[in-house]
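The letters A, B, C and D name the chains in turn, as written, and every chain counts its residues from 1.
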Amino acid sequence: MQELIWLLPTYPLLGFLALVLTAGRLPKNVVAIIGAGSVGLSFLTAAIIAAQFLASGEEYFIKEVWTWMAVGGFTPGFNFYLDGLSLVMMLVITGVGFLIHLYATGYMADDPGYSRFFSYMNLFVAAMLMLVLGDNLVLLYLGWEGVGLCSYLLIGFWYTNPDNGYAARKAFVVTRVGDTAMALGLFLLFAELGTLNIQDMLHAAEAEWEIGNGLAVAAALLLLGGAVGKSAQLPLQTWLPDAMAGPTPISALIHAATMVTAGVYLIARTHILFELAPNVQELVGWVGLITLLMAGFIALTQSDIKRILAFSTMSQIGYMFLALGVGAWSAGILHLMTHAFFKALLFLASGTVILSLHHEQDIFKMGALRQKLPVSFFSFLLGSLALTAFPYTSGYFSKDEILIAAHGMEGPGMIFFYGGVFGAFLTGIYTFRLFFIVFFGESKAAHPPEQEYGGWNMNGPLILLMILSVVGGFIAVPLDPLFGDHEEHHISGLLHAFMIAVPLIGIAISACFFYFKIWSVEKLMASSFAQSLHKFWNSGWGFDWLYDRLFVLPFLWLARINRADIIDSFYGLVVEVSRAANGMIVKTQSGYLRWYALSIAAGLVVLITIGVML
Amino acid sequence: MILLWLISILFIGGIIAWLSERINPNYPRLIALVTVLLDLLLMFSLLGAEPGDGGWVASVDAGWIPRFGISFYLAADGLSVLLLLLTAFLGVIAIGSAWDEIKEQAGFFYFNLLWTLAGVLGVFTALDLFLFFFFWEVMLIPMYFIIAIWGHENKNYAAMKFFIFTQVTGMLMLISILLLAYFHYVQYGALSFNYHDLLAVQTAGRLEMWIMLGFFIAFTTKLPSVPFHSWLPDAHSQAPTAGSVILAGILLKTGAYGLIRFAVPLFPEASMSFAPVAMTLAAISILYCAKVAFAQADIKRLIAYTSVSHMGFVTLGVYAWNEQALQGAVMTMLAHGLSAAALFMLAGGLQHRIHTRNMTDMGGFWAKVPRMAVVALFFSVAALGMPGLGNFIGEFLALLGAFQANITLTVISAFGLIFASVYSLWVIQKVFQGEYANAEFDDSHLSDLTRREMVYFGAMMIGLIWMGMYPQSFLELSQPVLVELINSTESAIAAVVQN
Amino acid sequence: MESIPVEHGLILAAILFSIGLIGVLTRRNIVFVLMSLEIMLNAGGLAFIVGAARWGHAEGQIMFLMIITLAAAEVAVGLGLIIQMFRRYKTVDINVLSEMKG
Amino acid sequence: MNITLADLIPLLPLLITTGTVVIAMTVIGVKRSYTLTAGITIAGLLIATLSAAYLMPSTNEQVTPLMIVDQYSLFFTVLTCATAMFIAVFSFPYLANLDDHKEEYYLLLGIATIGAIVMVSSNHFVSTILGLETLSMSLYGMVAYPVHSEKSAKFPLEASVKYLVLSAAASGILLFGIALIYAQTGTLEFASVLNVATATPGLGAGFSIAALILVFIGIAFKLSLAPFHMWTPDVYEGSPLPATTYLATIGKAAMFVVLLRFIEASDALVFDSVILVISLVATASILAGNLLALLQDNLKRILAYSSIAHMGYLLIALVASYFVEGSISVEAVTFYLVAYVIMSAGAFGVASVVSSSEQEFDSIDDYKGLFWRSPWLAAVFTGMLLSLAGIPLTVGFIGKFYIFFAGVEAALWVLLAVLVIGSGVGLYYYLRIVYSMLKSADDAHNFNVAVGKNLSSHAVLAILFLLLVVLGVYPTPVVSIIETISTYIL
């Protein structure tokens, strides 16, 4: 059965082909069956394979399908590599993916592009599976680019609005910057180690490079470039908020659960390389920390429900990077998984909210939805709790492990720890800010919902995800053989209590602001400083502004001034010169006999002189 | 012998096609199609053929002008065969794209089309440098006619520019060829234009560099590469669709082929010491033309500039001169042949439907012509180097190899990948997405791709996917040739590396 | 007997030749132009005579005779044309013959 | 010395041509018949051609001190007579409607041919002058031929006067130069100016150089090399097309053969200054010719200018002959002359086929849309133009190849650079003509393109076109002939 691992990406791929080739001629329910069914199938297969794999107790398992290309020692193949890490990833992708597909069958029900939507979704799942199952970096890169493409397609799904197109292009190009760095990393690795098969490459690296080796650093940095691009970390984070232009299931699947965590997967997958380059690994931690704090502050100031979730995603991935940075590999992956659960839940729930309010996304135009939208309410409640690491929810375990590991790290460990804790505090505030504003207070909706949108196919997934978000923390991820980083860090009970308390304080504060209305935001915003700060955060720390000035505008300017291709004008000059020469020389053909005779005489004199003088 | 057939069939077919017009205006295209298909079939026999000594699967050698030691010497190895197949395949595609577009003087059109193809086949198989030059020039004339007769508003200028650029640089190459032959005379006491003989000629120092430059300029003009590229946008934007297909798909590749087959092997030292300059030019081409492409409003001009940008990867690969890089260059040639041809066909199709190439007038066509949109999306994505499609294999391998030769330039060139995504997606956005715009033109004929068109595009899509998913079937053909070339120049290059 | 140095003869010829050439350049009356041409031709003839004198050959003389006939022929044709020209333009100013240019 | 009958055999072509003229003249005296006169001339020239061809393989002797009849001169005799015959064929329909006596034209044509034959087989200044003047005299006549006709559109008078005055001046220069050489060497045969007779002291190298340059200038004028080229466009434009054709083909070829023989025999090129002068003239001619033609709209003038450039190309090979051992550069000159005669005869031929003495179609616009009205004529014309531009599949390409080859072997980099630039510019105006033929035909003048009207001319065009292509694709036979005959020059 494990032999059949190649089926995993094949099902969705077939689904994709079926949907593309029929070009929207199929009835919706058939599309739904193909679209969601294909992913469901691969989830079943994945589950069985996982069971067998765990039962077999092997450390890894390789299935070679065919040699992609063989060029002078460069022989990447279409080979699948299964171990604990890819096992977790594939289960998350297929499982959560299936639930989201299911939800989407209801969510997109009225959309004309129904079939197109599911074809993209299936293609995405296929590509994502290639990404996590590929045994060599080229195949990984294939999946990597593939998911990027699908992300582009799905963000720009509603193409009639140019803004969506812009958001989609932005997402693709910004991530492409990272991808290019990653490609260069691949070139470097191959040039130095002579293979791109991940395991061989890692062993070769261990063998050839001592810790801190410059090449290792360079390679790790380049890979990190790819990772920050895909995972929307500093400095390539700007695309993620705009990516919310896509339909909400996309935000759940691609921009919360799976694709954006690819960077985390990449680093975890090549962690040996990062261990060879400690400073880079530490850099990963810093990137994570800064991102999670910044994103947290931004989330405080947003008013679009999806954007808030987007920034929280950004900051949660920040936690994962932090985990990787401090070498808490399995903690990072665990957080990846739990985050997939509760963030998918939150997004889907927000989707229901949005639909119920007829595509209203501004939280200040909602309110008092508690009774109207019970399912969403509970989804949000549990999701938010998990997100804020409320004790014994799934988020609690993962975040807990990460922070403890950070605390245990020497060097910047303390900064990481307290930074992380503060991040958790922010998380508490903004998450419940959203929660209270949307579900309590008085209704400010333009046209309040009659009843909650969606049937079993939308609520079912929500409920399953609720369960997962709560109990997901108890799932034991089989990563220890892979990372072997389970040396127990110990922190004092007091510190631990503090750690647990901080998010709750955050919740309490936001409750005081938005539920009990003891304190008022208006008062807070009175000072001009607060306002400008709010503006600054709201604009995402002005990164877009900066990048526009630094890259976009100069490029456009260059393009504009040189539309006519300056090089061509050189040849234009040649033409002009010969025309001018013609114009001059033609005058000599005056038609006057005596003039002609003169030229003969002149030529005679000149040539004779030249001849005799020399 | 078969090679002679391949070429003469096209020549004869062309004449028949021209004459057949008198009988029925629809015969020429049929005859042309049959002729090229016949060629294609014949070529498959080359695939099976057992390579003789030197890996030549087929060859013809007949005396021609003994006074100068010129012989009519054609031969094909794996590399040639690949390009021959590409030529014939795109020939069919081109005829398809002309099927309805070319109405007046169809006979003469297909005559020119077939003769161009014949000339190209000659270029890809000639192993006598005089003969090579002969075909090199022969393929220009019919191409000139195609642009000058069936082109668009500014055809005279474009055709003239195309012709003069290639001719003048061609004369430089002629001088180089003659010098080489003359040196063979000096060193071996006999004139010869035979490729193998000339390989043995010893040239050195500045002179070798000058001779090499003669070839280099001629080839990089055809390729084209900055700064000799500026004929291409005009030629492309003015040529009829089939012309663009041939130009972008095949003619440009003759330049690349020349670099691989002649420029480097004949002058290894000079080429290798010149490599940094060449690779710099390549990098400039990649970035500069990507940038200029983005600025264009004329969709055909845009695609033309992207061609220059993509061919930059070929130059880069060739002058990196190791197996990955060369294979990359070859794959890029093949894949770009298909993708660029397809994009030009799309642009041509649009122009045929709405009589404008100006993208600023277009927008939101997706709803109107979904099939066309999907096809365009596919090929744009292919062009920006999406893994799983041919272009990726080419550019990835080229960069992979180039990285081992020159890190800095590779890094710079790699930015081309980003720019590619910028302009490719911009086209999609401008033409197919956004609000539907038809203020500037009459869209009464804006209909989706016909079944016949879908067949051609489908064929090219399959081709690209095949190249992307299982490139081995192509790499295997060119691999022995390239390895042989690399080995033959190894010692010389080693010498350069020491200095 | 003391013969004239060759150089002198040739210089004289050269001077004659230049005179003829200048005549062709300066005169606008086509008749004079023809006459100047005669002078040029005869300068050549004189040079031949000098050469012949130097070598004591007959060839030079023969050439001179040839030149005379040749000049005669030229003039014959020339005059014919002049007549035509005068018929058509009622002038012998060669500058009228400048309809073709560029 | 007295001439035996055996000596006359090599002169057969010359005698036949002369006979033809005499017969034609008498026939005219008896009864004026345009057709008959033309027929006699054409037939006579044909026979002359054949006889020359027949003699060619076997003959190589000096007939009288004046004429050398070797394979080389006979080769060009064939070329001359054949071309003359072709031109005669072109002339027939062209002059058919001239409102004046038409028959004498053929006498002039015949006599001119006699002059040309003498020139190509001359290695003695006397015969050179005789041939040259015979040729020029009759050309004056041919240029001015329609001078009485009121209807004739062009300016034969202006053309002939310009040609007469200037070429007389040039003859003067030539003669003066010859005289100086004679004074130096004491012989009128083509002989090295180096071996100055020992009897009396030489007049010095400077003297020889001056003399050589004078001779070269005299010849350069006839070859219309810059800066002695200015008459060319006016005369070409003003003359009736067949006369232009004659001027452009035989006139140039015969003169160049003389130049070649003279330069080779006189060792002129041992003087650097002479080489310099010739190179300068070559450069000037190539650049001036091509630049002048660039924006010209009159077909005849364009071809005139291009002929200037082509003569410049030929000079490159001539210069090369000094640096290259072996006969390659002589072969280059020879082949290029053949090519040049074929293609310019063809180009002018097309024009004269569609023109007549009443109306000449010599503006580019007249040929607008010819491709669609008469593919046949257009194809021929295009072929000729591409050949002039030196594009493969045409004889012009092989010619260019020869020149390049000679230039490269002689390492004349500067001249080669000029050649490349010149050809580059040249492409532009040749393609301009081609393009105007491709334009849509709607607003084009409708001159008669019917083949039926003058089948013979079209047949000649066909022959020329055939030669153009065959020699362009498989030149080997001619190449080997030229290889053998060229040895006679050195």
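Following the convention adopted for this analysis, a contact is a pair of C-beta atoms (placed from the backbone, for glycine too) under 8 Å apart; a residue touches a chain by one contact, two chains touch by 3 or more.
Because the structure is predicted, anything quoted here is derived from the model rather than measured.
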| item | value |
| --- | --- |
| Chains contacting each of chain A and chain C, listed by label | D |
| Of C-D and A-D, pair with higher C-beta contact tally | C-D |
| Cα-centroid distance, chain A relative to chain D, in whole angstrom | 78 |
| Separation of chain C from chain D, taking each centre as the mean of its C-alpha atoms, in whole Å | 26 |
| Rounded Å distance between chain B and chain C, as computed from the means of their C-alpha atoms | 64 |
| Chain centre separation (chain B, chain D; CA means) in Å | 43 |
| Of all residues in chain A, the ones touching two or more other chains | 586, 589, 591, 593, 597, 604 |
| Interface hub residues of chain C, defined as touching at least two other chains | 21, 24, 94, 97-102 |
| Where chain D touches two or more other chains at once, by residue number | 161-162, 165, 169, 173, 233-234 |
| Residues of chain B defined as touching chain A within the complex | 161, 226-227, 229-230, 233, 291-292, 294-296, 305, 322-324, 327, 364, 366-367, 370-371, 374, 381, 386-388, 392-393, 396-397, 399-400, 403-404, 410-411, 414-415, 417-418, 421-422, 425-426, 429, 432-436, 469-472, 475, 479, 483 |
| Residues on chain A engaged by chain B in the complex (per definition of touch) | 20, 23-24, 66-72, 74, 138, 141-142, 144-146, 149, 152, 156, 159-162, 165-166, 168-169, 172-173, 176-177, 179-180, 183-184, 186-188, 190-191, 555, 558-560, 562-563, 565, 567-568, 570-571 |
| Of chain C, residues touching chain A in the complex | 21, 24-26, 28, 94-95, 97-102 |
| Footprint of chain D on chain B - complex, ascending | 63-68, 105, 108, 130, 133-134, 137-138, 140-141, 144-145, 148-149, 156, 159-160, 163-164, 167-168, 171-172, 174-175, 178-179, 182 |
| Residues of chain D defined as touching chain B within the complex | 331, 371-372, 375, 386, 391-393, 397, 401, 404-405, 408-409, 416, 419-420, 423-424, 427-428, 431, 434-435, 438, 474-476, 479-480, 483 |
